[in-house]
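Structures given as structure tokens follow.
After this come two complexes, each holding subunit A, first together with subunit B and then together with subunit C.
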Partner chain A sequence: MAKKILEVRNLRTYFHTFKGTVKAVDDVSFDINEGEILGVVGESGGGKSVTGFSVIRLIEEPGKIETGEIIYNGENLMKKSENQMNKVRGKDISMIFQDPMTSLNPVYTIGKQIEEVLLLHEKDLTKSQRKQKCIELLKSVGISNPESRMKSYPHQFSGGMRQRVVIATALAASPKLIIADEPTTALDVTIQAQILKLMQNLVEEHGCALMLITHDLAVISEIADRINVMYCGKIIETGNTKDIIKEYKHPYTEGLINSIPDLDKDKKKLESISGIVPNMFDLPEGCNFSPRCRYCKQICKEEEPELQQVGQSHYIACHFPLKGGEK
Partner chain B sequence: MKTEAQTINNIGTKNSKWKLFLKSEFFYNYKRSVLAIIGSIIIISVILIAIFGPLFTIQDPYNMSEIELNNAYTPPAWIEGGESTFILGTDQQGRDMFSAIVYGSRVSLVIGIVSTLLSSVLGIALGIISGYFGGKVDALIMRIADVMLSFPTMLIALFVMSVLGRGVVNILITLTIVGWVKFARTVRGEVLSVKKQEYIEATKVIGLPNLKIILKHVFPNVLTSIIVLVTMQVGSNILTEATLSFLGLGVPITRPSLGMLCSNGFDVLYSGMWWVTIFPGLYIMLIVFGINLLGDFLRDELNPKLK
Partner chain C sequence: MNTILKVKNLEQRFELDKGILGKIKFKNGKFVKEERIVRAVNDISFSVDKGKVFSLVGESGCGKSTTARTIIKLIEPKGGTVEFAGENITDLTRTEMLKYRKRMQMIFQDPYASLNSKQKVLNIITEPMLFHGVAASKSEAKEKALDILGKVGIRPEQATRYPHQFSGGQRQRIGIARALAVEPEFIIADEPVSALDVSIQAQILNLLMDLKKEYNFSYLFIAHDLSVVKHISDDLGVMYLGKIVEKGSKVNIFDNPLHPYTKALFSSVPKLSGTNLKNSKGIRGEIPSSINLPSGCYFHDRCPYAKQICMEKMPTEREVENGHFVLCHLY
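Moving on, here comes the complex of A and B:
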């Protein structure tokens, strides 16, 4: 069995606002193995991004990580001081953001921005070594003419190229884990595929793990090894990609999969999950998904389902698991 | 070999940066903005006159031995009774007005520029701290700023000056106290919007400490609005200083600024000796006018919201 690079245990991240407490991440546990791609899917407000930010402990007021252990490479990150965390961020765990248009600083050349990571985490490199490394990084993310492109400013790049630069920045200090928060959402569909392919290749080359956060199950099914499905701050189904796509057992996963447009079938109307994500201040009793679930029974409204094993590494939180994905 | 190559490289980049500037939209618009060019010409000439003017004046107006009381109230050269030595006439002590204005403009400019630098440094620091860290610090700084803003600037300035007394240093302190608020509020607003940007979040993700994030990433992104503000503030501080001096609360009598020159002639303004007040006044107007012309241009150019 592959070595675990990240273990998250009973993570709870709450936001304390004047309207009440939002349990953005509520008792979430998962692992990421070395070199693995873990997909995290769910609707907006499902706690996916907060989970990502919690891992590197960048939750800002009024948010707070209440309890939980985040064990990276055998070390509990929750016990580290802010200064020690700064050594982990970027060096061991780095992050890629959703919008490449705003995640690069407009006043610096892209070379400077990649160099900054090196300056911070690879202190023994000389100036020319750093330059060489930047060129290599840019080349590896598929930017032609890296020598001259290093002197360009972000506004001289297209969205796809910027996201490549962002990826290069994230890879600069050769981290063991990259958290990608919706890296392709802001991009063209054609570019999306390229970027995903690139990320998949780079993860393989560098042997780092990837936590890919997205709301697009189609995207994730392409490249992820395992998938966590999140709903209202909880993991409701987790398993290998094949299990989730072909043998999904949770009604919510079914809804997500059915709402992917299918060109082969001649459907008049796209299926959707009825209703909306519940108000996070006022979660329903019992199963969070019960108000929108078409298989909802009385017990769903009273008792919250526990995560139970249904396959080899396939877990699901539902009182009435679907049978083999086909109803 | 390597160092040689590097030097050549450096020169290359420097040249290209200058060329880049000459080719930039900013410079293109500048060349086409008559007002901005007039503003710059005024500012540059005023500065040159302040620096080199004393080489051309006929006297040091504050060296009593060079002044003769006999020459008091000589009208400007082109008016009947005027003398060609005193182009702009003389004041009640026989001081040449042209020399007095040149020397006075030095005081006014130095006070205007230095006080702006002081208040901008203070205001920017407080504004960034306030906007970046938020919370209680922010509340405290901004409430102080609110209190400052709820009084008229001149009232605070008069109050502080009457406590501290006359003097160049005291007027710098006063102008800093009343000037920082504007910077702090503007910078705080800018920082609030900049810190929400993902590239700031990204610097946290790579593990950059707060101080470096502020200096290297937040500050350069709020710089444009600071440039505009600094330019305008120099003009406004020259005016405030002139007002204070006019009211007798500014610079000491031994080192009069333009504002004090105005007030010196004020008593005799209606007795026909108008030149003693009018010329220093016009010169203040010219300086502030030039600064504001350039400031307006900078504001229009550097503010993306107005584009």
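Moving on, here comes the complex of A and C:
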């Protein structure tokens, strides 16, 4: 049994606005094991990113983590002060953001930005050791000629190269857990393939865990070990990648998978999910997915389904689990 | 076969240094004249058959959108010819273009930026109708507009709303309805689904195909997502740095990709089966800048099969099998 690096229990992150309360993350529990890649997938507004930000407590007003426990390596992060949290962020848990164009500081060289992480978290390194480490990091993410590239500014890099720099920064203090929020969404497919392979290799080499947040099920099925499917702030299905892709049981997962055109198979017509994601201020009664679900029955409109086990480590929240997945 | 659009040796370039002063640079203690030109579209030819979908696919910066905009003359072509329904429209003036504008319409990528935020949806649809004389009176236009909106899935009572009151997918439907309003024969769709969530993307793709069947449109479809392209097109062209490196029917290209770039592109696509990336070698490097294009074949510095000749000479287009063209020295 692999060791759990992160346990999230009953996490609720709400945003209190003038229009009302948005339950962006509503009673979410999950674990990440050491050396594991956990994929979090769902459409925009599903609460994927907020879940990621909540784990390192980067939620700003009007958002608030209402209840829940975030246990990292046996310690409850919710009990830590802001100062203590700053020691965790970047050191134990680091984050890779979606947009490589905006997540680097344009007025510092990339060498300086990587060095800053080392200055904060690896205090016993000397200046030359830090420089050496920066060069190693840049080399490990596939930037050629790192000695001279260290002195370059972010605008001198292309999008793919910047994302590599962001990954190098995230790796600098050898974190145990990396949260990557849509790391390849802004990139072209050939570059996306390079970055995904790179992240996969790094996870294997460093033995750290990766929480990969994306809207792209295909990306996730390529690299994740386990998948959480989120809809309207809740995990509606969770399990091993193979179970989710091949033997999905939730109608929403089925809809997601069927609406993707597949390179291997010719589909006459895409089976789309009707309707749109509901307004977060005004969620439907009962199951959040019921207005769009084609299997919806009376009980779905009245009672919210609980997560129930349907297979070994395969859980879903639905009153009427599908049988057999792929037809 | 009936062709609706024929593009021959089309070129588009943008000069970065405007005027004579901008072209003078100070280098090694001397003033030299130096021009920087972005060659966005570089001598491309293709044709779209009536009632068919032709797709242009490629990574960002390869000139797909510029090609679309040049064809519809939103930017004046810098070379080559564009023939629409047998007539050369390359050198037409703005006013001469008007009657063709009615026959070819465009759907834009970003549904948040392509609708006038100060107009009601109904007016967005009726304005082109009245302008192009598709409807004789305002009341007739309104009737037609409601009918079209119904086809794309917008209810009549929603027609008096403003664009910001709609979601992204609904806005894209309105953009499609606007293109349909003047009853065109040919539609250019520039990444119409890339800004949308997958479930909405599927809805819009289905809608586009249903409409095609109903009105017998021809499409020029611009996309970067290969699985979407495979789903929707009859023929396609793969673009790299302003060149079409491979073109042919969908079956030709997907079953038998020949150009090393096409192969690399296919092997980079993540798949649900989850085995594509693990087994593929992928492709190294990134797209070079289109300001200083590499010599010889533009792809040679990323190509695993590059030979001496690839660095020196641009290959010429070769027909490898019936209707399947490739731009590579290997063939």
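Convention: the second predicted complex is superposed on the first by the 321 of 327 C-alpha atoms of A that agree within 3 Å, B and C clash if a C-alpha of one lies under 4 Å from a C-alpha of the other, contacts with A are read in each partner's own complex, and residues count from 1 in each chain.
What we mean here is this: a residue touches a chain if its C-beta (ideal position, glycine included) is under 8 Å from a C-beta of that chain, and two chains touch if they have at least 3 such contacts.
Note that the structure is predicted; figures quoted are calculated from it, not measured.
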When subunit B and subunit C are modelled together on subunit A, clash or fit: fit
Partner chain in contact with A:S81 - subunit B first, subunit C second, else both or neither: neither
Which of subunit B and subunit C A:Q194 touches, first, second, both or neither: second
Contacts of A:T169 with subunit B and subunit C, given as first, second, both or neither: first
If touched residues of subunit A are counted for subunit B and for subunit C, the larger one: C
Following superposition on chain A: angle at subunit A, subunit B versus subunit C, Cα, nearest 10°: 80
Lowest C-alpha to C-alpha distance for subunit C against subunit B (Å): 9
Subunit A-touching residues of subunit B, taken from the complex the two chains share: 134-135, 197-209, 216-217, 220-221
Parts of subunit C lying in touch with subunit A, wherever the complex brings them together: 59-60, 167, 169-170, 197-203, 205-206, 209, 224, 226-228, 230-232, 254, 264-278, 280, 282-284, 286-287
Touching residues on subunit A, where the partner in the complex is subunit B: 56, 58, 61, 83, 85-91, 94-95, 97-99, 102-108, 116-117, 120-121, 166, 169, 173
Subunit A residues within the subunit C interface of the complex: 43-44, 158, 160-161, 188-194, 196-197, 215-219, 221-223, 241, 245, 255-264, 266-267, 269-274, 276-277
